[in-house]
Each structure stands twice: as C-alpha cells, then as structure tokens.
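Report on the structure given below.
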Amino acid sequence: MVERVSDARMDALFEKVKNWGRWGDDDERGTLNLLTPEHTARAARNVVGRTVNCGRVLPVAPSVENPVPAQHMMILAGDARHGTGVPGAEACIDYIGLAFHGLGVSHLDALCHVFHEGVMYNGRPASDVMSTGATRNSVMAMAGGVASRGVLLDIPRTRGVDWLEPGDGVTPDDLDAACEAQGVQVGPGDILLVSTGRDARREAEGPWDPGHGLAGLDGECVPWLAERDIAMLGCDGANDIMPPNTNRWPLPIHVCCLVAMGVHLLDNLDLSGLAAVCEEERRWEFLFTVSPLQIQGGTGSPVNPVAVV
Amino acid sequence: MVERVSDARMDALFEKVKNWGRWGDDDERGTLNLLTPEHTARAARNVVGRTVNCGRVLPVAPSVENPVPAQHMMILAGDARHGTGVPGAEACIDYIGLAFHGLGVSHLDALCHVFHEGVMYNGRPASDVMSTGATRNSVMAMAGGVASRGVLLDIPRTRGVDWLEPGDGVTPDDLDAACEAQGVQVGPGDILLVSTGRDARREAEGPWDPGHGLAGLDGECVPWLAERDIAMLGCDGANDIMPPNTNRWPLPIHVCCLVAMGVHLLDNLDLSGLAAVCEEERRWEFLFTVSPLQIQGGTGSPVNPVAVV
Amino acid sequence: MVERVSDARMDALFEKVKNWGRWGDDDERGTLNLLTPEHTARAARNVVGRTVNCGRVLPVAPSVENPVPAQHMMILAGDARHGTGVPGAEACIDYIGLAFHGLGVSHLDALCHVFHEGVMYNGRPASDVMSTGATRNSVMAMAGGVASRGVLLDIPRTRGVDWLEPGDGVTPDDLDAACEAQGVQVGPGDILLVSTGRDARREAEGPWDPGHGLAGLDGECVPWLAERDIAMLGCDGANDIMPPNTNRWPLPIHVCCLVAMGVHLLDNLDLSGLAAVCEEERRWEFLFTVSPLQIQGGTGSPVNPVAVV
Amino acid sequence: MVERVSDARMDALFEKVKNWGRWGDDDERGTLNLLTPEHTARAARNVVGRTVNCGRVLPVAPSVENPVPAQHMMILAGDARHGTGVPGAEACIDYIGLAFHGLGVSHLDALCHVFHEGVMYNGRPASDVMSTGATRNSVMAMAGGVASRGVLLDIPRTRGVDWLEPGDGVTPDDLDAACEAQGVQVGPGDILLVSTGRDARREAEGPWDPGHGLAGLDGECVPWLAERDIAMLGCDGANDIMPPNTNRWPLPIHVCCLVAMGVHLLDNLDLSGLAAVCEEERRWEFLFTVSPLQIQGGTGSPVNPVAVV
C-alpha cells in the first residue's frame, strides 16, 4: 500500500528541485544540457553490442488499453501498386496518424507537455502553447536525438516479485536497493529507466485499463532524481503512479520533471526485453538512444528507443 | 551527364544480386541477418561520443518540396490544458498524421514497399500487401531497431564540388574514390550512407521539387553494394536518381535493394550535419542507430536516425 | 422474441428480389432510377414547411456507443486567428476525420459497401473495390443528392410501446399495421424510414453498445420492400437486427437491399424529432432530402438528412 | 476593373448592418431566425421537382486548386472484405478527413469562423473559440438543417458574358439587374445564391489557383443584402473578391455577413448545374436545402446542398 504524499510536501519538493534559469532564461533543453560526448563515449566503450528496442507496437485497434488507437491505412496496397505516379514503378504506400500521448503508446514528453498552475519549464506561460503548436519548449529541443548512458533499475527483481501491482509506488529506497543489487550507480547525464514489470503482468494476467491503475514512481523520488542530475527518465508505465497517491497535487513526477527540473520523460516503454538482456549479461548499463520525430511545435513524439547493451 | 542503363542490364543485375532463400524461405529480414553484436560493439568502441541526427524536420505545410505535408494539430493547447480527464492535471496534447513515403520526409522503406513485376522480397506476391496492411515483409521485421557500424561516403567532397546536381548519378567509381579519400572500407553488416549534398544545394539555391530532380545512385552501383553485403543503405535523396536514367526499368536501387537483396532503405535523410561532424573528426565511420515506429503491416516508418560519431 | 430466418429462405429471397440488369448492365444507381420529378413535386406540394433533421451529432469522444469516434481538431483557434495567410483576416479553421460506417454515425451506404459471396450490386466482383476506392457502385451514384417523398413508419407507436428492445425485429405485419394506423401507403420512388424508438430508449435507459443489440427489420420484410419499389430505406438503427436472427446468412437487409435490389441505405438516423413532428401534424409523409459528400470511390458518406414535413 | 472600397466605408457599413442583440444576447443563429415554415412551404408548393446538387466533388489529390486535399483511404477494400467483425458479413469501409475551409471544397461557414478585431457575431470574443472547438456560435446552430426559398442570381447571364474574370466584383447594380432580368425578388428568409460563372471558366480555360483570383461580391453589396434580410448567402467562389478590393479591411463579405449580420455563408458551391436547370425552367427560385454535419464546436461543415427546382 502506497502512502499518500501531502500537497504541501509536493509544493516544497517542486520548489526545491527547480532548474529554472540554471542554463539561462532562454533555455528550452533542461537537463539535456547535462549530456556530454565524453559520457556518451564511455557508455559506448563497454557494450557487448546487443541491440534491444524499448518501444511498444503501435496499437491500431481500440481496446481497453488504448481507447483511442493509432490509425494505419493503406493508400496504395498490392491491388493498386501501379498507382505511384512513377511510370513502371510498383509500390505500396500507407498512412499513420496518432495522438501519441496515450497510455498504450511509447512516447517522449516534451517540456511543453505539462503545466503547473499555468506555467511550464523555465517559467513560461501555458499560452505559449497555442492551437498551432508550442512556441517554446517544444519537442524540437530534442530534435538532434539523444545517445547517452542508460541505466535500468529493475524494481520487481530487487523486490523478488514478478511485477508491481497497478497503483503501487516505487520509493527512493527501492531505487537505492536496485542500484545496490545491480551494482550500478546513477549520475549526471544518465538516462534512468525504471521497470515496474508492467509487461510481465500483462502477459500473465491480460490487458487492463492503465488509466485505472499503473505502478509508478512515488513523488518522494523527486529529490533522488534531482540529486543525481539525470538527463532523462523513462518507465514502462506513466512514470507517475495511477491513480495518483497525492490529494490535489497532480502527477508529481510529470510536473516535477517536466516543469521544475526540465527532465524529458519517456512514457509507456516496454522494458521487458531490455530487462531480460541485462539479466543475461549481468549488466544494467548500456548506450541508450532515443530520437523523436521532428515536429515543430510538438508536445512530444512517438518513439521506439534502442538500447545497445 | 549520367549514362543510361539498359533494361537488359538491369534485368541481369537483378538476377545476379538476388538473396531470395539465402536466409530461408520464411525470412522477412533480408540483410538485417548480417547484423552481429560483435560488429556493433566494434563500431561503438571507438566513438568520440558526438551525437548527430540524420532526419529532416517533418514538413507540415504544403510546399514544392512536400505537396502532401504531415498533419500536426493540437488536441489540447494551453487554453484547454485542464481538459485532460485527470483532475487537477494541466497538459497539452497533439496529433500527427502522415503518409511518410514522401520525398520531403526522412523515412525507412520496409521490404514490402516495392515490387518487381508483382513480386517482393523472397518471392512473395503483391497480393500479400492488402488494404489492411502487409501480411509479409512489413516494417515489423525492423521492430527491434538497428544499431550497427555506419559509414558515410561524402561524394561532393570527393569530387571537389559543393553538391551533385539534381539528376546526377553516383557511380561505383565515385564510391571507390570516396572510400579511398576518406580512408574507409565498407563491409558486411555496415549501414552505408551516401551524401549527394542535397541540403547544401538547398541552402544555397532554395527548395525545388525533388520529384523533378534528385541526385542518386546509378543502377551500376548494385553489384558494388551486393559484394560488400551491406545491411542497409541510406541517402539524402531518394537513393535512386530522379528522373531515372533507365528506360522502362523502374527505380533500380529501390527494386534491387528492397526486392532482390532484401536491403532496407533510408530515404531523404539530412546528412549535412553528419558530414560536417565527420569532417571535423576526420572520421567517416560511427555507430548508427535507426528505429522505426512499430506499425503492424506497415510499409515503412518516419525516422530520425542518430549517429554517434 | 424474433423468429430465426433460415439460410435457405434468405437465399430464395435474395434471388427473388434481384434487380440486376433491370436498368442495364452498366447501371450503378439501382432503385434511384425510380425517382421522378413528378413524384418529388407531389411530395413538396403539401408540406407544412417544418424542417426536421434526421442525423446524429458526430461522436467525437470514444464511448460504448462509438468505439472509434470522429476526429475534430482545430487548425487555427481564436489564439491563432491571424494565421490565415490572408493579411488582416482573422479566422478559425478546423479538421474533421472519420470512418463513417460506425453504429453511432448517421450515414449513407453506397451500393459498393456490402458484398454477397464476393459480389455486389449488378453482379460486380469485390475486387472492383480497391485499396484506392471503388471503381464501380461508389457513392458518386448519389452525388446529385436525393429529394423525394419520404414516409415514416413509427413501429413503437403502432405497437403501443415506447421503443423496441435491442435485438427485436420489425416484421411485414408491423409495416402493414403502421401504414394502416398512420393512414399512409408506401410506393415506387418513396424513401421509407422505419423508427424502432432507439433514441427514446437511449434517453430513458442510457447508452449501450449497439453492436450488442439493436432492433431492426426482419429478413422477411425484404419482399415487402421489393414489391413497393422503394427508392431508399433508412432506420434509426442499422436497418438489420443486431445480433442477426439468421444463422450463417449475414445482414439480410443490407445484403438484399444493397446487393440484390440496389436500394441505398441510411443507417443510424435519429428519427425521434421527425416522429414527434409527424405526430403533431398527424402526417407521416414529407419531402425528404439526403445528400452525400461527393467522395470519388467512396463506400458511403456521413449525412444529416432533412425532412420538410 | 473593380473599384476599391475604402476602409472607412467598410467600417461604416459594418456598423450599419450589425444585428447584434436583435434576437437576444444569447442568440447564436443570426438570420436563421428569419426562417419560417410558411416561407418554406410557399417555396415548396411550386417546384417542378427537379433535384440539383450544388456541391463540388471532394478534392482528394493535391492540385493548384486544392493545395491541401481531402483524405480518402480504404480501411477494408474488397481484398479484406471479410474483416468486418460480423461473422459471415462482407463489407468495405473507408475513412475521410479534411480541413473543409479550402477554396476547392463546398462548405458552410459557421458564425464562429471569422472575427473582426477579435470579436465574432453577437459581440463574442475570439477566445470563445478554443483549441478544443468553439464554445459559442458553432455550426451546431445549423444542426437542424435548413430548407427555405432559394434564389439564384446568374450574373454572367445578366451581363451577357460566359463568366466573370477572377478578381472581378459583383455590384449592387449587378444584383438589381439580375433580379429584373430573371423576374425574381429577394426577401426575408431567402437563401441567395450568386453565380459568377467560375465553373464555366474552369471548363473552358482549366483550373487555376483560386487564392490568386476569384470573382465575388463587392463590399458595397452589404447594405443590399442587409435590407433584404436574407437568411443565408452562397456563391460559386469565396463570396468575397479574391484578391480583395479593400485596403486593410479584410474579407468584407465574410466579415459583414458572419460577424455583423449573422448570415451563414456557403463557399465554393458549384452552381453550373443549377443555373442550367433554372434556365431550362425559366425559373430562378426553388426549394433549397443545406444540412451540415453536426460537429460540436465546429466552425462549419463540408456540404452538398440540394435545390429542388
């Protein structure tokens, strides 16, 4: 059973970890400023070379997990393959469309995705996100793509369970215990991935509505993340506990990471394959690459990140 | 001026480089079978750690370069940020939609994208690509993402020009000359990137309709690629010369790579940043990662590949 | 409780009512050929002038009634009203997108929408409907719009109930009884609308999944419809009973109307307003107009038909 | 050559024709309040019964006329007709999507579509149109559909030309001359359609970019329209002259109709068929019906209006 975090406590944590102005008043990249070629090169140096993706298959049919699925439609299928406009050429063409911030889609949250009392990262007003897109803090801050040291903390493994139940919370003690059990440390510029075992549970017990329950990080983890100066955070759930264990304070991890710290988030990854490879290699650090579609004014992007273990 | 390649010559090349059955009759991965962890680890070992993306900004307005632009629309902007359904939460949400096989979109071609006389890679009929998606050879063969050694061959640099003119062709001699000038070799499992200087020309001379003219690889390069057993091929144009320098033989690079060899293609990359970094580092090899959206039955994916030089 | 209709019975009815060739082998309009200006003028002559629409509000949020809702997104809202491209002009612009053949969308079925054993109206093969659209029997046969005499048969009124329960069937006796009770006859060129009281039930008992149960016309009504030579048929449900009261014979009304007779269908109308006005005026005939979007190769169109009572 | 209308003159006209408050401060229907059953019944009484549509075919390919075409994609074509989810049923299903306020799409403008100095009909602020849709003055004010007396004024016929050239303006004198030549009067509750011969010119001279030139109504027509208390206005062009013959005063017809008077507009109709039928019948009045899709918060709707002459 997760403890409730009081609104006053979250207010205090939010103020404590705020990075506004740390990289200048014009900064839109937040903790991506912590990335260095040296750190990336170090991460690359020791890889075994096994490539593992961390994204989900795009959901294209409505289901309990994905009430608003992605669209995938053929423009030219095999029956119309001559219709390309290039004489003699035979090709098939299709279309995809999606509102990617769904709980069944692996995606990146840009710093303009979330507000706290009408304000986003670096103190910008919500009105900077217009009906035509974000004028500040858009996903274009990530346009160059990211490759850095990634660390997976496998919480079910440390706790000795198959998965965390929906609604359960990962605490700072869980993070410390996982670091110790896995012999790994988290530091500046790292991309931290936290596995709650969502996909193991799904495989065993079937799909469920993630809006009704997902394990995630307790708000008390916020200072732990801030002290380590991570560059990005990812999770197999929504990063936040669903439903929240706060009172009126919304989505503590989203708000403290995206708004206060300027930490981009990766939501709804599938970390089961990566956890298995890490276990086999007895090695929970790797080169992690994530690269959004370059959507001007976008609030994020669907992604399929790749770890090279 | 590019020479014309006869239809009979292309017919012969197609037969010569065919990999059908090489990895079994059920294979859908083609030359991705050549990827090995060892090769990837070797590529990672020597990187300087500089991260460079190779994708274009998604075109969202109609233009001469992109007659059918991507859609980007806000579902919730700042004025409606409370409409998330999560009480107290404030967020913005958007939608993207696109037919990604456009000449202005950086994208991956799956092996089902192109046919030759009604047949695709490993001898499968066009009717396997239905109005509901491809039942074989879809982009899901790439779902795991790819990280391997990448090599950039910078043709304008070797030729001593700023760019290749639209309609010009890269020959096997060009490829050899670039390898020699850059001190690099291309071999099994490599991802070959060929720069024609498209973006340098665009910057100097402005946008043009890529369908009316793009530099690309001459059909005579096909055996060169096959002998080296590359895993993937990418270009800042359409890989093929536009308009084609064949007679009735359509898109020789697309057809020989996707259909005959099973080589996935990356079209319309932006290689200008990568070329600049390679020049600075005097090093034209790197760790290259590309990861499609996991679209079941899809013919490809928009991508924003990342090179770690 | 509805009786089951045997597959053999449906096979016989299908053959009996077939209009293939009746208006020539090239015909794509089916019973729209029965429309005459005289009939329309007669219908118009006696109207009171009350205008009533028969379409539903487009569902834009996922719900039990509409698992795949329509998309409605603003391109320019008030915050971006100056972005029109016309200097000085201030405007808002939006986008709609939908798969209109849903059970929550009022729509017209073109004659290419349904097949019987791979064949559609006038004996054309399913392969005439390609991934790029229908090459025959598309909604363009209706492009000109229809205005004709409409007749509403209000089955709950005749039966003395508030509504028909989901899964219940309207029989030929019901149709005859309604004609007699309402003092109306149905004949050549008429557009027949059959109310099952779906919206009265919805208002009283709340939304339900229409795929799990909708009242509709029993397959035995097919000869009744054919004898009267109606031009179109509409219903507040799916015209067919859901789930079907046949065994392996699919959607008898859809198949016999669209495929055998060439009768265009209107699905999921909201007839509650029209029924109320008809009751007030003691008059169940009117001028009925329906006009699809002109979608080349389309299988139908969302519509909002208008009755002038 | 059209004369220029001064900004001061337009300012004065705007104030002069303003209907704000005329039907109460809560009104969202504007001159639709002028519709009466009696007027509709009178219009219906004398029809010959010929049905003519006034909408264009949806443009689904990019062209000079339609830079952002509509989307039309098959979800199930003939090759996948068994995929309906209803056992045994065989059907085809498609999708349409469009930003309907294009110059190639016949559409209805809701009263929230246009602003004048940040304000729309009945004095409401632009901020009432949010990224989630219009909270006031949306197309839902038209949800019930409209059937009323329609009058076509055929300006090329009166002038004795085949068409008006792009950029030309229809003046109050033109309107008077057409009324006299056709023996028709325009009055309260009427739907006025003004033909400029756009489609005759298109047929003779081919497509052109309508943004670069369309004949339309001169701003001086505004008092003429207001004095007659028309219910709606439609045109085969954009109603306004393109490019405008004002200085800084944007789109005088759009602004004075939608914002000041509360007159809904029909843009880009195809009136060539209607003009031909009217000529044949020597009768330029008819029953006119137009019915939008019921889009909550929508700024308009694609339409295919039907005239019963």
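Should a chain be cited, it is by its letter among A, B, C and D, assigned in written order, with residues numbered from 1 in that chain.
Following the convention adopted for this analysis, a contact is a pair of C-beta atoms (placed from the backbone, for glycine too) under 8 Å apart; a residue touches a chain by one contact, two chains touch by 3 or more.
Everything numeric in this text was worked out from a predicted model, so none of it was measured.
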| item | value |
| --- | --- |
| Both-way neighbours, i.e. chains that touch chain D and touch chain C | A, B |
| Same vs different contact residues, chain A with chain D, by half of numbers used | same |
| Mean-CA-position distance for chain C and chain A (Å) | 46 |
| Centroid distance [mean C-alpha coordinates] between chain D and chain A, Å | 47 |
| Chain A and chain B: spacing of chain centres that average the CA atoms, whole Å | 27 |
| For chain A, residues contacting two or more additional chains | 71, 74-75, 77-79, 95, 97, 127, 130-132 |
| Topology of the chain contact graph, where touching chains are joined (line, ring, star, complete, other) | complete |
| Chain B partner contacts - residues on chain A that touch it in the complex | 35-42, 44-45, 47-53, 55-58, 60, 70-72, 74-75, 77-79, 81, 85-101, 112-118, 125-134, 140, 143-147, 211, 244, 248-251, 254, 287, 289, 291-306, 308 |
| Chain B partner contacts - residues on chain C that touch it in the complex | 71, 73-75, 77-79, 95, 130-131 |
| For the chain D and chain B complex, residues of the former touching the latter | 62, 67-69, 74-80, 83, 97, 127, 130-132 |
